[in-house]
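Have a look at these structures, which come just after this line.
The two complexes that follow have subunit A in common; it is paired with subunit B in the first and with subunit C in the second.
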Partner chain A sequence: MATAVTFTNKPEELFVDKHVKYIQSLDTRKDELEYWLTEHLRLNGVYWGLTALHLLGRPDALPRDETIKFVQSCQHENGGFGAHPSHDAHLLYTLSAIQILAMIDALDAVDTEACAAYVAGLQKPSGVFAGDEWGEEDTRFVYTALQTLKILNKLDRVDVEKAVDFVLRCQNYDGGFGVVPGAESHSGQIFTCVGVLSMTNNLDRMTPASRDQLAGWLAQRQLPNGGLNGRPEKLEDVCYSWWVLSSLAMLGKLHWIDQNKLVGWILSCQDEVRGGLADRKGDAVDVFHTVFGLAGLSLVGWGGLKEVDPIYCMPVETTKRLFGPK
Partner chain B sequence: MSSHGIARSSTTVRSGKAREADLLKIKEYNTLVAEVQDLKSSNEYTKETLTKTSTLLSQNPEFNTIWNYRRRIILHLLSLLPLEDEKLSLITSELRYLLPLLQSYPKCYWIWNYRIFLLQTASAQLSHASGLKVWKAEMSLVDKMLGRDSRNFHGWGYRRYVVNNIEGLVSQAQKGNDNAKGEPPAAAAAEVNTSGTGSKVVKEEGESSMVESEFAYTSEMYKKSLSNFSAWHNRSKLISRLLAERGASKEERETFLDGELGIMQEALFTDPYDQSLQLYNHWLISATCSPRQSVPESEIVDLVPSEKMEILVRTMEWMKELLEEEPECRLLLEELIFIGGLMRGLVAEGGLDANDEVVVEMKIWLEKLMQVDPMRMGRWKEMAEKL
Partner chain C sequence: MASYSSEEEEEEELDYTNDPVWADVTPLPQDDGHNPLAQIAYSPEYTIAMSYLRAIMAANDHSPRVLNLTSDIIGMNAAHYTVWGYRFKTLMSLDRSQTLEDEKIGWSWRQELEWVQSIAKRYEKNYQIWHHRQLIIDHLDDPTGERAVTGEMFALDSKNYHVWTYRQWLVQRFQLFDEEELAATASLLEEDVRNNSAWNHRYFIVLGRLGEAGPEEGVVERESELAKEAISKAPQNPSAWNYLKAVLRKGGIELATLKPFCESFAPILSPDEIKSSHALDILSEIYDEAGDSVKAEKALELLASKFDPVRKNYWRYRRRLLGSKPTPASDTPTIQATA
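What follows is the complex of A and B.
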């Protein structure tokens, strides 16, 4: 089975201090139009940045009180969270809010009862969840809903069995999962579906053959340069070092790809001058690719990063505190 | 905050002038945002506010909260319109407004979601005939979007969604369930046509099932590019229904399978390294030739073990031939091992003669695979243990 990986890249090739500074600088870029155009990602951005800082071993690099205040200001009367105080509530932001508070151990700062009610209210008769009151359905939202409730220890508010059945209906012949039943397999969607099955202890609802088929498909995502793509015949991208890799980890098949080559490739996507990671070498960095690149490195156990939990994309320290040791 | 494919700029500092220009843009943008947010908080739902949201969304189509506000405006404006024609014209003008946005931002979830909202609103608020017309017009948009990017994830998902809805609306009419809005049921006349034929339902609005035309569309798409996995995926999802609706006999199903396998053989000789082709071929084989306990009922055709074995032997033969031309092709090696495994499974199930040579060959292929594909060594080692 899995043997220890020998890495050829040295830990000092990861520019820890630069990445920390980059993340800290994100909220000071108010003189750039991009800052204002991405307000709809603000709460997600805090989650991405905070997770990255935790993995880098610098959990206190963002001011805790301000973070809590900002999260509080994003909660709506209906219990859900928006990306920003003036934005509508959606599951995508609600999970980020709860994850942020979970990481800094401040879940009691918001109305968790109302939050759970908001999430539960979005489950549909088929078992799927809508993202918000307007009804878009997607396996991503099953994941965001169930993880939110699991952190809040309120999974009993929804029909988990039905949600799992829905997810299983989204599995395709290649082993992967799509947005809804019938949709093409996509690594991002696979992460959310395998995540739902893992966090509810239902991985064995997939047959061993279909688990192997899926792991084989995921392993095929590694391209000769070491990077991973999200679907057959597409380009590699750092965020897939998370979607693909975490899925492989949940299936116990991390060793089915060349982890050393992947590490080298992720490191090549760093901005060695200003910090942060990009989707590909030479591209502009952003906090989204920064956290998923770092999480990928952490998952293969490279370079002294804090251990990340493949199911929840939070530090294992946090998930241990929440759910107990595995 | 989440960008793809944007080149890193070489300088860290903007010139004073560039910064001034940015600050001006920010000021203008934020003034517009504040204005629209104010209108939203005071529940203003007018044509003027609709225009304001257009301006803002054209600058920032990712601003989902403003799309939600726009939904409320549209629902309110529709409620003020007494006539069907006026409602239809508002909905179609909204759909038109989205076109340039979709072309500029084909991967923006919120635009697609808003479009689906408009179509659902058309179904809910218009007569059945008008609603159906609106849905049917979407097919040409989907064709156009997939013509520009034949792998667009949203485009394919949207296509399946639109097709499902059109099929649902047509069959609803055929069942004569459209009395809700007090219209004459369009299906009443059509019912007559269905009696006796059983399998086919023909009427003025066409057939309820679009499975034949959708299947033909996947052929059209793969002929343009063999490596379009999205097309092969959709094809795989249509086959079961296609054959059922054709009322295909076992013989016809076998002919169909032969046809698909033939396409794959030809295509893989063109490009044995294409994962899309390998995956579809893999599915055809595993869905029809697996030992019975792993696939209880095939979507394509139920074969007896000897028929399965015959296909496996035939496939293995041409793959070995191809391997001679492409001895380093890892996908081919993997598939050959898979087929060998199925053969062994069929033998184990009983009734067929064992072929020990296959095991020897499988070991040789696996060794070769370890040589040419060291990146996935962990997987091949596990496979070797099982062999």
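What follows is the complex of A and C.
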């Protein structure tokens, strides 16, 4: 399936039309095994593609009715959503389903009451959420649970304070956050933890010194070539343009990294012929790295892209409609 | 157990259409409004197995053959989370009816764990595997051999986040805060002094679960010596510096005691001899606390201009903080033009 990628040698240009075409093409690749092997991610994939299209200013590039129908078909009797009709419900796909519907203003198309009950049922006595019936616990699931409920305006269904306490227990000696208390700091987990604190107006539960230490750790993720990594001593990767940048944005410290260098590095990961972005130059493009590369560019104010909300990873147009202006 | 070979298992193909084991099952093709022919044209094996899975799940079948079917699918697509869940449900159901360890089905928890490990080695990035393993070990209530299993994984990638998460769960669940765990982190750090995962784990086992009481005597000294030795080997390694600072904080020891150590890596009056930006960073704090604002400023200016210019805004912010410890200075972004 590895189609040759033509990386751009013009890292000052964003190939908007190519990226739109690339995302539109994803649902027509049913003759490729890859399409079937990624079925367990389909609802995430629709969310990634749709968010990218919104940021590119082409919100109507996917057929709205079909999108709604597909999301509806993924809801289970228990209220949660699976990645695909034949896959079990899980918080990761439940949030994607609700985000998709929020972006296209169609939340009334599904049973939101059942959905909120499903999410609330996954909170554990410690405040954390399990991802599904199998009980895996992770700060990612606290984020997905709370954002889902916040969009549905049903945060009162869970114990927000306990969830926040759990998240705070995951902060490490280096300032970062991990998957559970004691687990190594990781930029992806930091995004979810800072996201929880931001969306519940609890950022001040961290001391100013601790916020600075965290932002300093995040700024350390920038490598000399401009790219960002997820942990010390790891390779740079386009998706961290989102996890690291959005966290810095929530902390008000975007300017602590060299944004121009990062922009050039992200742009160099574009396929200028078929569209899409790769995790780094030399690898195959995919929709995951495409949306997070674009979202990163949007955060640093790249002209021509719609503004993205660092807390919710949806267009600001959507979050304003949902939550009112900040 | 000795004759079990995961490689053989991989080669073995299931023949759903001819094997009598599957004769009573009518496969359910994909039905989501798409044309199922396209996928069949591409990968018959995966498509056939999936259509049998749909039929089996629809019938809520948890007979031993489910183990073969799910291992076949996982071998082709380890990230298929629903299949893992269904497999675990089946194992538990066989366990309850006491058929699991029965010779007739030829499968035991031990074999399951070995098979899981063979899949883990093939799909290092997969995390469903580790949660599956956790569910089993939790059920068996016995961690024997599990540290060795994670050790094998660290030999392939000593920073594998999923494996570390599992290892911490193991330590927590079975209270393995012991000498073996300490030695394991020491040897991983010996191999790679920059392994942040190993530093983090060491903190977890040595200092992470302490309450108000604080560390036992000698522990802070031992741990700071370890960090200092590591820093001498690699002065630009942030993990060891972070660990050192954290150990001192936990032990209630003032940062100022590090002054000579830091100055040996960052003599600010001879910038050409500076070997560590992290030493400069700590020195700026130490000088500031001591009221020596000239030296503190010098250290931060060296960071902004020479040793870490990519983060110059951060270092300038730190400069504005000097002498004002309790309340942070205002931090208005300086303009950074993008297209």
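Keep this in mind: the second predicted complex is superposed on the first by the 314 of 326 C-alpha atoms of A that agree within 3 Å, B and C clash if a C-alpha of one lies under 4 Å from a C-alpha of the other, contacts with A are read in each partner's own complex, and residues count from 1 in each chain.
Convention: a residue touches a chain if its C-beta (ideal position, glycine included) is under 8 Å from a C-beta of that chain, and two chains touch if they have at least 3 such contacts.
These numbers come from a predicted model, not from an experiment.
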Fit-or-clash call for subunit B and subunit C when the two complexes are aligned on subunit A: clash
First, second, both or neither for A:240, with subunit B first and subunit C second: neither
Partner chain in contact with A:284 - subunit B first, subunit C second, else both or neither: first
First (subunit B), second (subunit C), both or neither touched by A:141: neither
Which superposed partner A:263 touches (first subunit B, second subunit C, both, neither): second
Partner chain in contact with A:273 - subunit B first, subunit C second, else both or neither: first
Contacts of A:191 with subunit B and subunit C, given as first, second, both or neither: neither
Contacts of A:22 with subunit B and subunit C, given as first, second, both or neither: neither
Contacts of A:47 with subunit B and subunit C, given as first, second, both or neither: neither
Partner chain(s) touched by A:180 [first = subunit B, second = subunit C, both, neither]: both
Common interface positions of subunit A, toward subunit B and toward subunit C: 30-33, 36-37, 39-41, 82-83, 86-88, 90, 132, 134, 136, 172-174, 178-180, 182-186, 209, 215-216, 219-220, 222, 224, 231-234, 253, 255-258, 261
Residue ranges of subunit C in contact with subunit A within the complex: 30, 32, 34-35, 38-39, 41-43, 46-47, 50, 54, 76-77, 79-82, 85, 88, 131, 135, 159, 161, 164-165, 168-169, 172, 194-197, 200-201, 203-204, 208-209, 238-239, 242-243, 245-246, 249-250, 310-311, 313-314, 317, 327-328, 331, 333-334, 336-339
Subunit B residues touching subunit A - in the complex, by the definition given at the top: 1-9, 12, 19, 22-23, 25-26, 29-30, 33, 37, 59-60, 62-65, 68, 71, 109, 113, 116-117, 151, 153, 156-157, 160, 227, 229-230, 233-234, 236-237, 274-276, 279, 282-283, 286-287, 294, 374-379, 382
Contacting residues of subunit A [partner subunit C, same complex]: 12, 30-33, 35-37, 39-41, 70, 73, 82-88, 90, 132-136, 172-174, 178-180, 182-186, 208-209, 212, 215-216, 219-220, 222, 224, 231-234, 252-261, 263, 300-303
Residues of subunit A defined as touching subunit B within the complex: 1-3, 30-34, 36-41, 44-45, 82-83, 86-88, 90, 132, 134, 136, 172-174, 178-180, 182-186, 207, 209, 215-217, 219-220, 222, 224, 226, 231-234, 237, 253, 255-258, 261, 271, 273-274, 278-280, 282-289
